[in-house]
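The data blocks that follow each hold one structure.
Look for chain A in each of the two complexes below; its partner is chain B in the first and chain C in the second.
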Partner chain A sequence: MLLAQLAIAGLQTGMLYALTAAGFALIFGATRIFHVAHGATFVLAGYAFLESVGLGLHWTVATLVSLFVAIVFGLLLDVLVYRPIQRHDGSFFTVFVASFGVSIAAQNLLQFIFGGGFVSLSLPLTRASQVLPGLYIAPVLWVVLGVTVLVFGSITLFLERTNAGLGLRALAQNPELVRAYGLSSRKLSALAFGLGSALVVPGSILAAITTGLQPADSAHVMLISLAAAIVGGIGSLRGAALAGLLLGLVENLVVSVVDTQWSQAASFLVLFGFIIFRPSGLLGKASQS
Partner chain B sequence: MIAYLVNLATLMAIFGIAASSLNLLIGYAGIFSMAHAMFFGVGAYVGAQLALHVVADVGLAALAGGAVAAVLSLCLALPALRVRGEYFVAASLGLQMLASTIFGETHILTGGVGGLTGIPAPTLLGYDISSPVVYLLVVTSVLILTLVFIHSLIRGSFGRGLMAIRDSESAAEAFGKDIRSLKTLVVVIGCFLVGVAGSLLAFHMAFVNVESFTLDQSVLMMAMVIIGGAGTIYGPLVGVVTLMALPAGLSFLTFIPSTEIGTVQQFIYGVAMTLLMIFRPSGLVGQSRGRR
Partner chain C sequence: MINRRTLLAGVATCFAVPTLLRAETEPYVLGTLFPMTGLLAELGGVYTNAVALALDHITADGRLKRPIVLRTQDSQSTPQGGAVGMSKLVNVDRAICVLTGITGVIKAAEPIGTRAKVMMLNGGGVGPDLAGLSPYLWNVIPLANQELPTALGWMKAAGKKRVALIYLDDPLGNAMLKGLRELLPGIGGALVGEFSAAPSAQQFSAIVAKVRETNPDAVYVASYGTQQTQIFKQLRDNGITQQIITYSVGGTPSVATLPEADGLLFTSQAADWSKPDARTQRFVEGWRSKYKSDPTTYAQNYYNGALLFSEMIARLEPAGVPIDGERLRESIQNGEYELVGGKARFANNGVVGMPIQLNQVKNSKFQKVG
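And then the complex of A and B:
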């Protein structure tokens, strides 16, 4: 039963990771920007939600506020940080350092304002009840499941069926050609950032109402989403989501074998193994590097 | 006040060695390692264990710390040979996270979260060098040796080979450079040097624990190199002095509560990293990018 319990916890964490990682993969795939400040977006969105609820707003309004904060933050980074850098220097490391700087600054700003401790919200939704002997499930699991499937389904539909989605996929494959066809790569990259950043919102709200949030989570979320994007195969949204799910499961299931402190290390071992032995990832095409 | 300044200078010299060795990887070889704190830690733990159980000789401890770090650096050389760019950064991040966990959890080797305490006062060839000023002199001479070593390395054919790889791997290969051994060697040398710095730190603090060897430390070292100017001899030193003088300077600003200094300092260096990358990606002393 312990294993089943851990698998359920893993599923829940995994689905959180899946959407966040899909956001990272969408941005990285389309713009080739190693957007490590994605973790900061996650934490910012979570705090925006909690603060709005704290102000007495209804949770739907709070969700919108959180969505707004995430999208604006993503777009601002694209316009104010990445675009100026790419104008004079394409080096990925410059972009990476700048993005890392933003994420450090954002994390410490949050810590300065709200303190470094955990914040969370307790809802009846997250109260676990016994389903089978020894197996506890909180109703929030079904919400997570529904939201993940819904959001992931609609994003896939969007990418496959609409012109903008087609443009995004084209941008990922050949930015020059996109420009030659008269599409604005700026608008498309803004779209990637908006959409990718919006994808953190379900995960960060769910984290806020289940495990709780702290500013330092930003680094963890960043690492997990880039791990998932790589394990899944860069450029593949489905791969990233699958890998996010996998990492969540691994993180929780290893607890049955080793102490909890090692659980995160297990995810990074998975990442390291993939980079060494299968850099193209789960669903990626041939190695790009 | 003097004691405070000597302490700060010693730390700056130790981080000077660490940042210069990272610069060898980032600035000259284009190997963007985010796992440097791991090897800093390996050096510190080896040095500390040697001092605790065998002999408190700084020279021996530094060599042993460097040697073990150099051997373990093959973990980093492996992804460096196989993948580039974002993949390598991700691999080194993964390695660093693994290492932090291992440092925190293997109590027999590292003392766990509590760390190793009571590291004896340092000696060198039988002489007592525990006085802070003398120790500062020792550390500074190691720093100077390191800089001279790196400088001569870079001037020679090894350095030119590295820079050729950094600028274009395929061109370097076409010119007959042995990329695999060059890359492995530079990783080994860089990690050896930071291992030396780690064991010097262990003696200086007389205490080591996992806090000093986490991802944050790796990021700090990277920031020192980048802010100062990667690919220059003095850039990392400028970065070290700038970033380490910052908390000292902030503590003079009385309107910031002392408990918040760490946060404010981190915020400032995060913003500084971003702004520098936008306006001056070659760092404070680096030349403009046209040369590359």
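And then the complex of A and C:
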């Protein structure tokens, strides 16, 4: 029964990782901007949700507030940080450093306003009960499952069935051609940042109620996003989802054979394995979504 | 006529007098090396508030001939940050005493402080190997091995013989593992599971599943900061109903407010906020008035640390000797000091002797239970 319990835990962790990585994969895939501040967006969205609930707002309203904060933060970064740098032919490294700086500033601002402590929301939703002898499942597992299917289903439909989605995919593959066809790469970039930032909200809220949040979490979020993006195949949203799931399962199942402290190391071993033996990732360039 | 020797003496005096005068008027530099960012930033805030309150009181007392100035460095909760911060405090700020905390940070910063002969006062790190680490490191907090017997006393009385341990793989966690392995058989108990966690881990569902497999009577958690709070939450969320017990780090404010931590037991040094002595009451009332909450034992320790620094200076000043880390070390080694919580005397290995008590988190408050 231990293996079944670990698989269930791995599934939930993996889906949370997939939701965490989705926004980064979309933004990086479409704009090729190494958006390190994605971690800060995640934490900001989580704090916005928790604070709104703390103020007595209904969770649906709190989710909208969280969405608003995430999207505005993403768009502001695009307009005020990345675009001016790119206008002056800023290199990939310049953009990376700027994004990293914003991430640290956001972390310190959050700490200044809310303190450096752990924040969370305690709900019956996260309380596990025994469903079979030795097998405990919390209702939040089904919520995570439903949200993951909904988010990835919707975004795949959007990217494949709408003009804006096709534009985003085209921007990822050939920005020059996008401009030649009269599409605005600036508008498409803003769309990528808005949508990518909105995508962190489900993962952020679910992380806030399951593991809790603190301002310094942005680095951890980035690490997961980056690992999932690389293992899944740079730019592939479906790949990032599968990779998140794979990393979560490996992280949990591996403790049945090795010491518990090696669980995270095992998932990064998977990452190194992909970098060395399959650099294009699970769903590499040929099958990008 | 002025000869060459007189001229040289005059020039030397011109250079020496301002230096001597400056030495007489320069403030005493007290450094803090606290985790102000990173995973333990919450603790850094508590430590800083306690030092600020102590300095308010020291200034109001006006007992010292020269003022104390505070220089702060952020250890970023990491050993590397600790080493860099300590280096700045001793080489740039010329601190003669540094208040510090967190076992891993202290172990990284200590060689730099020892080399510069700077007194280091620890009020937060409880790793047993901090005892005797350096002649300049003094602990105003009892170390974890001093706390374990109280926890084991409770386990024995409550009949909790099967204990599972979740510990952080660092000097503190490993010391707790060693302590429980050695001491549990003495009460007829056994460590039925040892589960280490990496310092950056945030998901503990796999560890909890393995803890459940061992069917323990109690779960001892030896971690700190956000990670520790996450472990408490995930233990309860994943169906662990057994008693959770930990060491003094359980007295962190965010633990008190976590609903899943209700019922948690933790050991700490004796702290009775209703104690009628003037020093304790000044600290408790000062804290309540300044920070609108009850103090914690960490606040007590760092308040005591700053108080101890000023008390040592007050005793050295009448002798007219230069006050540096070496003099402070001699002073603490040979003296007994009146601090919040009672008289403190330090053993030669730098450890303070203080009674230990058992506390419980109940309705978002800490209360003494034994």
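In the analysis below, the second predicted complex is superposed on the first by the 281 of 289 C-alpha atoms of A that agree within 3 Å, B and C clash if a C-alpha of one lies under 4 Å from a C-alpha of the other, contacts with A are read in each partner's own complex, and residues count from 1 in each chain.
One rule holds in what follows: a contact is a pair of C-beta atoms (placed from the backbone, for glycine too) under 8 Å apart; a residue touches a chain by one contact, two chains touch by 3 or more.
What you see is a predicted model, and the numbers here were worked out from it, not measured in a lab.
Asks: Label the relationship between chain B and chain C on chain A in the superposed model as either fit or clash.
Replies: Clash.
Asks: Looking at A:Q261, would you say it contacts chain B, chain C, both, or neither? Reply first, second, both or neither.
Replies: both
Asks: By the touch definition at the top of the document, which applies to A:N108: first (chain B), second (chain C), both, or neither?
Replies: It touches chain B and chain C both.
Asks: Which partner does A:Q12 reach: the first (chain B), the second (chain C), both, or neither?
Replies: After superposition on chain A, A:Q12 lies in contact with chain C alone.
Asks: For A:E251, is the partner it touches chain B (first), chain C (second), both, or none of the two (neither)?
Replies: Only chain C is touched by A:E251; chain B is not.
Asks: In the overlaid three-chain picture, which partner chain does A:P139 touch, first (chain B) or second (chain C), both, or neither?
Replies: After superposing on A, A:P139 lies clear of both chain B and chain C.
Asks: Would you find which stretch of chain B runs into chain C in the superposed arrangement, from 150-158, 204-212 or 222-230?
Replies: The listed stretch with clashing C-alpha atoms is 204-212.
Asks: Quick check on my understanding: which residues of chain A belong to both its chain B contact set and its chain C contact set?
Replies: On chain A, the overlap between the chain B and chain C contacts is residues 107-108, 111, 116, 259, 261-262, 264-265.
Asks: Which residues of chain A touch chain C in the complex?
Replies: Listed in rising order, the residues of chain A that touch chain C are 2, 5-6, 9-10, 12-13, 107-108, 111, 115-120, 122, 126-130, 134, 136, 138, 210-212, 214-217, 220, 251-252, 255, 259-265.
Asks: Along chain A, where are the residues that touch chain B in the complex?
Replies: Touching chain B: residues 28, 34, 81, 84-85, 88-89, 91-109, 111-112, 116, 219, 223, 226-227, 230, 234, 259, 261-262, 264-265, 268-269, 271-272, 275-276, 279, 287, 289 of chain A.
Asks: Tell me, which parts of chain B touch chain A in their complex?
Replies: Residues 26, 32, 78-79, 82-91, 93-95, 97-98, 101-102, 104-105, 215, 219, 222-223, 226, 260, 263-264, 266-267, 269-275, 277-278, 281, 289 of chain B touch chain A in their complex.
Asks: Which of the residues in chain C end up touching chain A in this complex?
Replies: 36-42, 44-45, 169, 195-198, 200-203, 205-207, 209-210, 212-213, 226, 229-230, 233-234, 236-239, 252-254, 258-260
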